[in-house]
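Down below are the structures I want you to see.
The following pair of complexes shares a single chain, chain A, combined with chain B in the former and chain C in the latter.
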Partner chain A sequence: MTRLDSLSDAELVRRCKAGDAEAWNALVDRFSRYVSTICLRGFRLRAEDAEDVFQDVFTRVYTNLHTLRNESALRPWIAQLTRRLCLDTLASGAREQPEAEPISVDREARLDEIDEAFAVREALHNLSDTCQDMLDRFFAQDQSYRTISSELDIPSGTIASRIARCLGKLRVELEGRSDPSAGSRE
Partner chain B sequence: MSTENYLELRIDQFLERLADGEAPGGGSAAALTVAVSAGLVAMVARASSESWEEAGGIAAQALAILEHVGPLARTDAEAWQDAASALRGADGGDAERRNFALAQKLERAAAVPLEIAELAADTAALAALAGERGDGTHRADAASAAALAAGAARAAAHLVEINLGVTDDDPRLRRVRDCERIAAESAARALGSVR
Partner chain C sequence: MSRNYDYDEERLGELLRVLRPAPIGWVSAAHELPAARRSFDEIVERAEADAAFRKALVSDLEAALASEGYEPDRRLRSELERRLAES
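Right, the complex of A and B next:
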């Protein structure tokens, strides 16, 4: 059985279009955090407004998925839809949460950061478990080469090169990802 | 206690603070030395991207270390000021409580240089790689980076030893001496590669 979470976005879309309910659940699962993050951290909507946008986004995705011409463009399409609905929500009088960051960190910069973080997260999933583990330990958990070496039983002197090669693969993944413009009428 | 962010000071201002009072001291200087070393490694790796396939990944690791270690200059100064104040008995309270608080603060004052030593060892390892595989024009910079990181590791290890005041079999002491040894070996490799 194919693990749905290992499918590409395009394959997931094709399965959803074919009426596969499990694929739809996997799609919602894959993008729910992304949509919530755009609403809450990108646009700083209040929780109840973010929840409304969240429901609206996935309703529209479900209804209009068949109009998405470029199936690998799912993420930019969902991003565009979410941004538009957040702007509509703000225009209709909803209030943003009080700023927790300096004003200089503007909305576009926050949205770019969110996009970049999720793109990296997705690309990481396509690397081997060992690469994911090593990158996570060094960059997210701030573990030293000595600690990584002793916990993974890998010679200490090879860790930096291994991480560099994993980063090279991550770069290839990120560069290889298409960034097509959204191809739907929605 | 000052809450000044050292990373926002000009270099001459930081050096003035260093010469002026109790903090910043050796730990802060070691942290910034590691940051300087990591910056040099990133420069060498970036300049070697055409001839060295792993250069981009090495630069990224050096930059991650730089970002991590810089703020430790401030953290170390705070931990040391806190411990120094407890050593002077400024915290008040009964003797048992004071001794317990002092021990906690000294542990903290040792934990920061231990972290600096770990980062120094990693930076020295990166510098050694850059010295061996980086562009020939910049290998001397990589060797300089390794020597600086090894010096910082040694300084940080000494601070851990002094602040903890423990016996040789303490695991933290073994850990920091490991870092010191790794950094020294890396520096020897890097310096050897340019001779």
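Right, the complex of A and C next:
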């Protein structure tokens, strides 16, 4: 975790506006999963279309950041921009990928779940670096116990129990939160 | 909309699986945007001030850029083409 990871969205935006290149990289890192997941999972764009939308989103964020008046509204601004560009892409003739989930899981439900996942991921940042790393490797990167063990230099026999403990801590971290915006770094 | 964040561990695991890392190439290109934009602005400025450079760009954009040491990606090339056609 770098020192910029702990900055609020508003502070990150202020630094980006001041031309801080590291802050820009941190902003991209903070939202890259969110934007790509909206494109690929939310709108089911094909990879090449998703990549175009992804780059277009960050280009517009970079060039229009100075117009963002409420600097803590970065996430909803990026979400709205990404959704609009995905819709434009579909309207211009791009095709969605075939459904891999039941038809009842519609687009809005998928987008809601992505926002929920983002809030959980933000809560994850309040755990130790080791917990963040381990949960991310296991759940988001599909790494095996063996790989995690060797990468983090932790005995493989303890990985499962450590993951369970970290999940427990994450659960406690999220308990009592009832406002989705609580997941944003303000 | 209000939402309750009391989850069991299985659901937490499902939600952690949702946000997969974006492809590394996509993220690298986004990191390089500030430098790419600077190149873009520089090229446009030069094209506005130097008629010969502008003519070379309009005639063969890729070759003109390469000969000047610029390596803009596909998106910036398209944007440059659009910009040159407009002006």
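Going forward, the second predicted complex is superposed on the first by the 124 of 186 C-alpha atoms of A that agree within 3 Å, B and C clash if a C-alpha of one lies under 4 Å from a C-alpha of the other, contacts with A are read in each partner's own complex, and residues count from 1 in each chain.
Basically, a contact is a pair of C-beta atoms (placed from the backbone, for glycine too) under 8 Å apart; a residue touches a chain by one contact, two chains touch by 3 or more.
This structure is a prediction, so every number in the text was calculated from the model and none was measured.
Student: Which holds for A:S161: it touches chain B only (first), chain C only (second), both, or neither?
Tutor: Touch status of A:S161: first partner only.
Student: Counting only touches as set out at the top, which of chain B and chain C does A:A91 meet: first, second, both, neither?
Tutor: Once the two structures are laid over each other on A, A:A91 reaches no partner at all.
Student: Quick check on the superposed pair: does A:E116 touch chain B, chain C, both, or neither? Answer first, second, both or neither.
Tutor: second
Student: Who does A:A18 touch here: chain B (first), chain C (second), both, or neither?
Tutor: neither
Student: Scan A:F139 for contacts with chain B and chain C and give back first, second, both or neither.
Tutor: both
Student: Which partner, chain B or chain C, touches the larger number of chain A residues?
Tutor: On the superposition, C touches more of the residues of chain A.
Student: Following superposition on chain A, which residues of chain A contact chain B and also contact chain C?
Tutor: Touching chain B and chain C on chain A: residues 139, 164, 167-168, 171.
Student: Applying the document's contact rule, which stretches of chain A touch chain B when the two form their complex?
Tutor: Within the complex, chain A touches chain B at residues 138-139, 142, 144-147, 156-157, 159-161, 163-168, 171.
Student: Residues of chain C touching chain A in their complex?
Tutor: Touching chain A from chain C are residues 1-9, 12-13, 15-23, 26-27, 29-31, 33-34, 37, 75.
Student: Mind pulling up the chain B residues that touch chain A in the complex?
Tutor: 53-58, 60-61, 64, 68, 118-119, 121-122, 125-126, 129, 175, 178-179, 182
Student: Give every residue of chain A touching chain C within the complex, in rising order.
Tutor: For this pair, the touching residues of chain A are 21, 24-25, 28-29, 32-37, 41, 51-52, 54-56, 58-59, 62-63, 113-114, 116-121, 123-124, 135-136, 139-141, 164, 167-168, 170-171, 174-180, 182.
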